[in-house]
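Below are two complexes that have chain A in common, paired first with chain B and then with chain C.
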Partner chain A sequence: MALSATDNVHRLGRVASWLATVAVTLLGLVALTFFIGRVIPIDPVLSIVGEKATQEAYDKVYFALGLDKPIWEQFTTYTLKLLQGDFGTSFTTTRPVLSDLLTFFPATLELATIGLFIGIVLGVPAGVASAYWHDKWPDHLIRIIGLIGYSVPIFWLGLVGLYVFYFKLDWVSGPGQIDVFYVGIVKPITNSILIDSALRGEWEVFWNAVSHITLPAALIGYFSLAYISRMTRSLMLDQLTQEYVLTARLKGANEFEVVLGHALRNAAIPLVTIIALSYGGLLEGSVLIETVFGWPGIGSYIASSLFRGDINAVLGGTFLVGAIFVFLNQLSDVLYATLDPRTR
Partner chain B sequence: MSTIDQATIIGGSAARAAQWKQVVSFCRRFSRNPLGMFGLAIIVILLFCAAFAPWLAPHDPYLPNLQARLTPPGPEFWLGSDELGRDILSRVIYGSRLTLLIVGLVIVTAAPIGLFIGVVSGTYGGWLDVVFMRVTDVFLAVPKLLLALAFVAALGPGIVNAALAITLTAWPPYARMARAEALAVRNSDYVNAVRLAGASEMRIIFFHIMPMCMSSVIVRMTLDMAGIILTAAGLGFIGLGAQPPLPEWGAMISTGRKFIFDQWWVATVPGFAIFIVSLGFNLLGDAIRDLLDPHLKARI
Partner chain C sequence: MRLTKTLATALLGMTMLTGVSFAATPADTLVIADAIDDVITLDPGEVGEVGGIMAAKQIYQPLVTFDVKDPTQIFGVLAKSWEVSEDGTVFTFTMNPDAKFASGNPVTAFDVEYSLRRVVAMASRSAFLLTQFEISSDNVEERIKAIDESTFVFTIGQPYAESFVLYALSSYVGGIVDSVLVKEHEVDGDWGNAWLKQGNSAGSGPFELTRWEPKQSILLSANPNFWQETPGVERVFFQHVPESAAQRLLLEKGDIDIANKLGPDDHASISANADVKTLDGSSGVIYYMGLNVRNEALSNPDFVKAMKYLVDYDGIAQTIGQGTIDVHQTLVPAGFLGASDYTPYSLDIEKAKELIAASGVSTPVTLDAVVWNVPPYTDFAQAVQATMAQVGVNLNLLVVDGQQWLERYRAADLDVWVGLWGPDYPDPHSNAKAFAVNAEDAPDGSQSLADRFGWDAGDLSPRAMAALRENDTEARRTMYEEIQVEHTDTSPFLYMFQEVRRVAIRSNVEGLVLGLTLSDDRYWNVTKD
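The block that comes next holds the complex of A and B.
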C-alpha cells in the first residue's frame, strides 16, 4: 500500500517533535552538569589548582576556564564544546575525558549487558510463574527473593560474595577483570576483554575473564531479576484477569498456550520497554559494584575521579550516562510504538 | 468521602470522631497484614535504638581501644570490634540515629518541594507547566546515584550535603505524581465551587488540592525510604557521605572492606543493619500502599 502524502507529513511531524524532545532534554542535561561544575562550587578554580597555588597559576586557570566572561557566555562555550565531543581534559590522567570514557566504557557495558541477560532469562519466567500461581507458595517465594533484592545494599552483597565464593569456596576469581598474569596478552579490538580474547583465540585468557566476571555479573543480574520479575508479575496479573484469557480457556486451549501464547504475548510489549529502561539503571548500579570489584569501568573511573577533585571527568561521565538514559527512554518509546499494533 | 462531607456540615467534634473511626479502621486492617506488621516492628525497633542509644550501647561508639582492635564476636564485644577497637554493636546502634537523620532530612525537603512544584504545575498549566515538567524530566533522565555523586562532589562530602544531594534527586517523582492528581481535580465540581465562593488560587492549592495528593505522597514516601537509605549508604561507602569517626553504616562497611577476608564481621554487621532496615521500610511501604491505594492492590 502506498503511503499517502498526509501520512508522510504525520510521520515527519512525529520525528521532528521526537527530535525536539531529545534536544531539549539533552540541553537540560548540559545545563545541569554546567550548573554542578561551575555554579555550585564556591570557587571552581580552587578545586583545580588547590589551596596553596600561586596567584599566577590561579589566574591562568581562571582565564582558561573563561570565568572572567559572563555566565551565559560560559554556558554557550561549554555547550558548543560538548557538541564537538570536547568534555575537557581530565586533570588526573591528562587525557581528554572523552577518550578516557571510551576506554573505560566497554568494561561497564560488558558487565551491565551480561547482568541484564541474566535478569531477563530468570526474571521473566519467575514473574510469569509468580502471576500464574498468584498468592500460592511459588508467588510468595519469588516475591521474597525480589524483595530481598530491593532491600540489600549491592556493594555489601558484593563484599559478602567475595568472602564466600572467592575466599572461602574459591569458586570464582577475585577483584579485577583478569589475573595480573594475563594482562596485556590480548591486543584490544573492541576493548571488551571477553570478546577480544575470544576473537583472538586466547581461550585461557577468556576463561580467566569469565571466572572474574561471574560474581559481579551475577550480582547485577540478581538486581535486574528482582526488578524484572516484579514488573512481569504485575503485567501478567493484569493480563490473566482479562476476558480473552477466559475465552481462550473455554475454547479448550491448554494452559501453556493460554499463559505463554496469549497473556505473555500481550504483556511482552510494555515489558520490552520496561527492560530497555532498566538497562540504564544497571549502568548506574555498576558504579558501586565496580568500586567493590575493582572493575575498570566507567563507574570506578567516576568514583576515583571524585576523590581527586577531577570535576571534568565526573561531569563527563555523568553526562555520558545521562545521555544514554535519555537515549534508552526514547528507544523504549519507539519500541513501544513499533511493537504495539494499535499505535502503528 | 460522604462521611467527611457530612462531618464538616455537622461540625467539629463529629468530624473528629469520624476521622478517629477512619484511623482505627486503618489500623485494624493494617494489623491483619503480617508482613506489614513485621516491617513496622523493624521500624519501631530502629526508632527505639535511635532514641535510647546511650542506654542500649554497651560501649562508647567513639572511644578507641587499641588493645582490643579487630576482636572477633565474643562475650566482650558481642558483634566484634573494628580496627580501632571500637565496639561494632554500639556503633551500629548509634548509626541508627544517622540513618534516621538522613531519611528525615530528605523526606521533609523532597516531598514538599515535589508536591509544591507538581501541584502548581498541574493547577496553573500553560507555560509554567511546560517549564516545570521539562526540568522534572531532565532530573528524571539522569541516574539518581550518579547525580547525587556529582552534587556531593561539587558541594563537598558530609552527611548534610549527602542528604541535600539525595533530595535534589528525589523530588521529581513527587512532582509528577502531584501534577497528575492536581490535573484530575482542578476542574472538579468541588474546586469550582470553592473558586466561585471566592477562594484565592493559593488557598485552593494549599487547602483543596494538596490534601487530595497526600495519600499517594505518603505511600510514595514510605516506599522511597528504603531507596534513600540505600543511596545514603552507597554515598557513605564511596566516602562521600558521613565522615569518620561518625558511625554511619555505609562508611563502616567502607572501612571494614579492607579486612573482609580476615575479619569478616567489621563489614558484614553494618551491612546487615542496612539490609534489615531497608527491608522493614519496603514491607511497611507495600502494606500501606495496599491499604491506601486499593486499585493498585492486585497489581504489584
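The block that comes next holds the complex of A and C.
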C-alpha cells in the first residue's frame, strides 16, 4: 500500500514538473514575442490609419490600442487575458484572434498532414533503400532527388508545378482552396474543407478540394521526403554497420528481416523525434507555398499580421505554434516509450 | 529490388492523382483576383485601404459622382439636384425620391446627415475628406444638416471651387448608409461601426455584402431592391491571390475573370492569348522622389535641379515599366483638370555637372534614400542610383518594408524618399495640397508632403489655395498649369512617372469601367456573355 502511494506521489510530481516546464516555456515564448513585437520598427497605429491621417485620428487609435500605457502594464494585461483564454482582437481581420486561428490553422493542418504523410510513406522507404544500396545507383538517384527537393526554392517549384500540372496538363486545380463555384456551400464544422465536406456528404465539393490541395501538398510532401529520406539514410547506415546486424546475418536471417526487422526498428526511435519536429515545422505554415497557392494558412496569417504590426495576431499565432511543438515533443516521448522498452 | 519497385509504384501513384477542374467561372459571377489582405474594414465611414474602398464603392452610393471619361461632368446619384449659395459656402441638395436602400427603406436627407456626421464623429483615417472643410465635432450639427426628408444642407467654412466640394462628397467617405438599420446596431455610441465593419452592409448600391473572409475573399451579391438599372452579374467575388504569376495562370485558364495585380512580365506573356484582353486605366498615382531640404546639399536649388537631370526617365519607362508607367513631371496627374504635359527633364549628365559646379556643393555627396522593398520602387531606385553615381551623387539605398518606409518618411528621417502619391478624388487640389501647400495655408493646418520634406513653397502655397477657390473652370485650369511649371522647376520633388493602371480580363467580360483614381473601378455594368 505504502509503496503504491509513493509511486503515485512520484507520478504526480512528474506530471507537475512537466506542466511547470510547459507553462514556463509558453510564458517565455509569449514574453519574448511580445517584447520583440514592441521593439520592431513597425507602428501599428500607422498601419491602421495610413499616412494621410490627421494627428487626431492617429491619437484616437493610439489610445484605443492602449499604447500609451507602460510596456510592463501592457504585457501584464495581455498575459492575464491570455490566461482566461482571451487572445485579444486582430485589427487586420477585425475578429478575435482565437477565431482567426480556428479559421486559418485548419488549412495549414490539412496541408501539413497530407504533406507529412507523403513524406513518411515515400521518404522512409527511400532512406532505407538508399542506405541498403549504399553508394550504388539507387542511393545516388534517391540522393539526387532529395537534393533537388532540398535546394530548389519551393516558391519556384510551386510556380512550375502550377504551370505543368494545372495549366498545361489540367490534372489538378489552380490556386485557392476550392473553386468559386463551391464557395459557401459547406457549412463549417471544423473549418477544414476536406473534413467538413466529407462530414456533410458534399462529395463534389470534397473532390474539388482534393484537386486543389493535391499540388501544394505534394510539394510539401516532396520537401519533407527530401528531409526524411536523408535522415533515415544516415540513421540506417549507422545501424547496418553494427555488430548485431552482422550477427543476425550470420545466424541466417533473411535480408528483409535484417533490414526492416532489426535495423529499421532501432533507427525508428530517433526517427520519430525527427519526424515529429518536422511536422511541427510544417504546421508553422509555409509562407511561400501559401502565397503561390493563395492558401489561407497560418503562415501567411502570421506574416501579413507581422508586417502590419498586428501584435495580437502575431502573439496568438506564435503561441499556437509553440503549443504545437510542446505537444509534439511530448508525443514523441510517448512514442519513444512504446518503441524502446528500456525507457518504459 | 522489392524496395525499388515499391518506391517506383508510390511515385507513379502520386503523379496519377488527378482532379476535376472547371474551365470557366460561373456565368453569373464576376471573379476578381487581387491582393486583398490590406482590407481591415468595410465600413464606408472609415475605409481607406485600396481593397476596402473598392468593395465599399460597389455597396454604398454617394450624393453625386462624376463621369470617369470626363471628370468635369458631375451628376447626381442619391441627390437629384443641388444649389450653391452666392457666397459658395452653402450646398443644398435635393434628394432623389426614387432612391432606396437594400433594406427597402427610402434614402432620405436624414440618412445623409447621419452618414456624414458619423464620418466626422468616428474621426477615422479618411475623415479628413470632410474635416478639411472646417467641419468638426463642435460645429457638425449646423454644417451637416437635413432640413426635411428631401433636403440636405452642407455648409463649409470658406468658399471653394464647387467641383472640389462635390468631388470630396463623391469619394468613399461620402457613401451613404441606411441610418434606420445602422442605428439598430449601435453599441456604446460606436455609430454601428462594429456591425458595419465586418459582416454586414447597409447601402443603396448595386451590390450588398454577403461575406468577407479577412485575408481570403470578399463576396458581394446583387442588391435585390436596387433602384437603378440591375447590375449585369449576380455576384462579385474578390479572391486573394497575391502572386502575379498565379493570377496569370488562373486568368488564362478561365478560373478568374479579372486579374488586378499582374506585373509587367505577366502582361507581356499573355498578350498572345486571344481569350484574354487588357484594359488600360489611370490610377492617378504619381511616382516621385522627395528630397529632404533639411539636408545641406538638398537645400541648394541648383543641386536639386541637377538631380532632376540625373534620371533616365525614358529608359526606365521602357525597360522597367514596359507600358505600365508614363513619364510625367508635374504634380497634377494626366486626366485631371489642369493636367500639363510639361516634361522639361531628361537624362543629361553634362548639364547636371554644370549645375553641381554652379551650386558649389562639393562631390561626392552621399544621400540616404529610403526605398520600399517591392517593385517597381527597388527597380527605380537602382536605376537612379546608377545614373546619379556618375557625377558623384551616391544614393545609399535603404530598402525597407512598407510600414517602415512610411514611418521614415513621416518622421523625415531620410534624405531621399522613393515614393508615390495617389489622389483621393479626381480634383487637382488633392495633389496640389499635398505637394504645394504648407500647413499655415491649409484650412485644417495639416502637414503636407511639402512640410514633411521641409520645403517652404513660398507663394505657390497661397496660389494653390487661390486656385482651389476659383469657380471659373477655365481660369482654374490656367492657374494650375502655371503653378505646375514653377513647382516642377523649383520644388524638391522629382516627379518621374504616372502609373498606367493595366488590368487583364477575359475577352467575354464587357462593360468594366476603370476608375480615375485607384480603387474606383465600377463593376455594376459588367456583363459576361
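Methods note: the second predicted complex is superposed on the first by the 285 of 344 C-alpha atoms of A that agree within 3 Å, B and C clash if a C-alpha of one lies under 4 Å from a C-alpha of the other, contacts with A are read in each partner's own complex, and residues count from 1 in each chain.
Criterion: a residue touches a chain if its C-beta (ideal position, glycine included) is under 8 Å from a C-beta of that chain, and two chains touch if they have at least 3 such contacts.
Everything numeric here is computed off the predicted structure, so don't read it as measured data.
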- Query: Which of the two, chain B or chain C, is in touch with more residues of chain A?
  - Reply: C
- Look at A:22 in the shared chain and tell me whether it touches chain B only, chain C only, both, or neither; answer first, second, both or neither. neither
- Message: With both complexes superposed on chain A, which partner does A:218 reach: first (chain B), second (chain C), both or neither?
- Response: second
- Item | Partner chain(s) touched by A:67 [first = chain B, second = chain C, both, neither] | neither
- Query: Counting only touches as set out at the top, which of chain B and chain C does A:253 meet: first, second, both, neither?
  - Reply: neither
- Give one of first, second, both or neither to describe whether A:245 is in contact with chain B, with chain C, with both, or with none. neither
- Of the partners chain B and chain C, which touch A:175 in the superposed model: first, second, both, neither? second
- Message: Quick check on the superposed pair: does A:307 touch chain B, chain C, both, or neither? Answer first, second, both or neither.
- Response: both
- Touching partner for A:195 - first (chain B), second (chain C), both, neither: neither
- Which of the two partners, first being chain B and second being chain C, lies in contact with A:163: first, second, both, or neither? both
- Set of chain A residues, in rising order, touched by both chain B and chain C: 41, 159, 162-163, 167, 291-292, 307, 309
- Message: Considering only the defined contacts, which chain B positions touch chain A in the complex?
- Response: 134-135, 137-139, 141-147, 149-155, 226, 230, 233-234, 237-240, 250, 253, 256-257, 260-261, 264, 267-268, 271, 274-275, 278-279, 282-283, 298-300
- What part of chain A is in contact with chain B in the complex they form? 24-25, 28-29, 31-33, 36-37, 40-41, 147-148, 150-157, 159-160, 162-163, 167, 230, 233-234, 237-238, 241, 280-281, 283-285, 287-288, 291-292, 302-303, 306-307, 309, 311, 314-315, 317-318, 321-322, 325-326, 329
- Note on the structure: Counting only contacts in the complex, chain A reaches chain C at residues 41-43, 46-54, 56-57, 60, 91-95, 100, 103-104, 118, 121-122, 125-126, 128-129, 132, 138, 142, 159, 162-163, 166-167, 170-176, 179-181, 183-184, 204, 207-208, 210-212, 214, 218, 221, 256, 291-294, 296, 300-301, 304, 307-309
- Contacts from chain C onto chain A in the complex sit at residues 2-4, 6-7, 10-11, 14, 17-22, 25-26, 29, 31, 37, 40-41, 48-49, 123-125, 127-128, 131, 197-198, 210-211, 213-217, 219, 237, 239-243, 245-246, 249-250, 252-253, 255, 401-404, 406-407, 409-410, 424, 444, 446
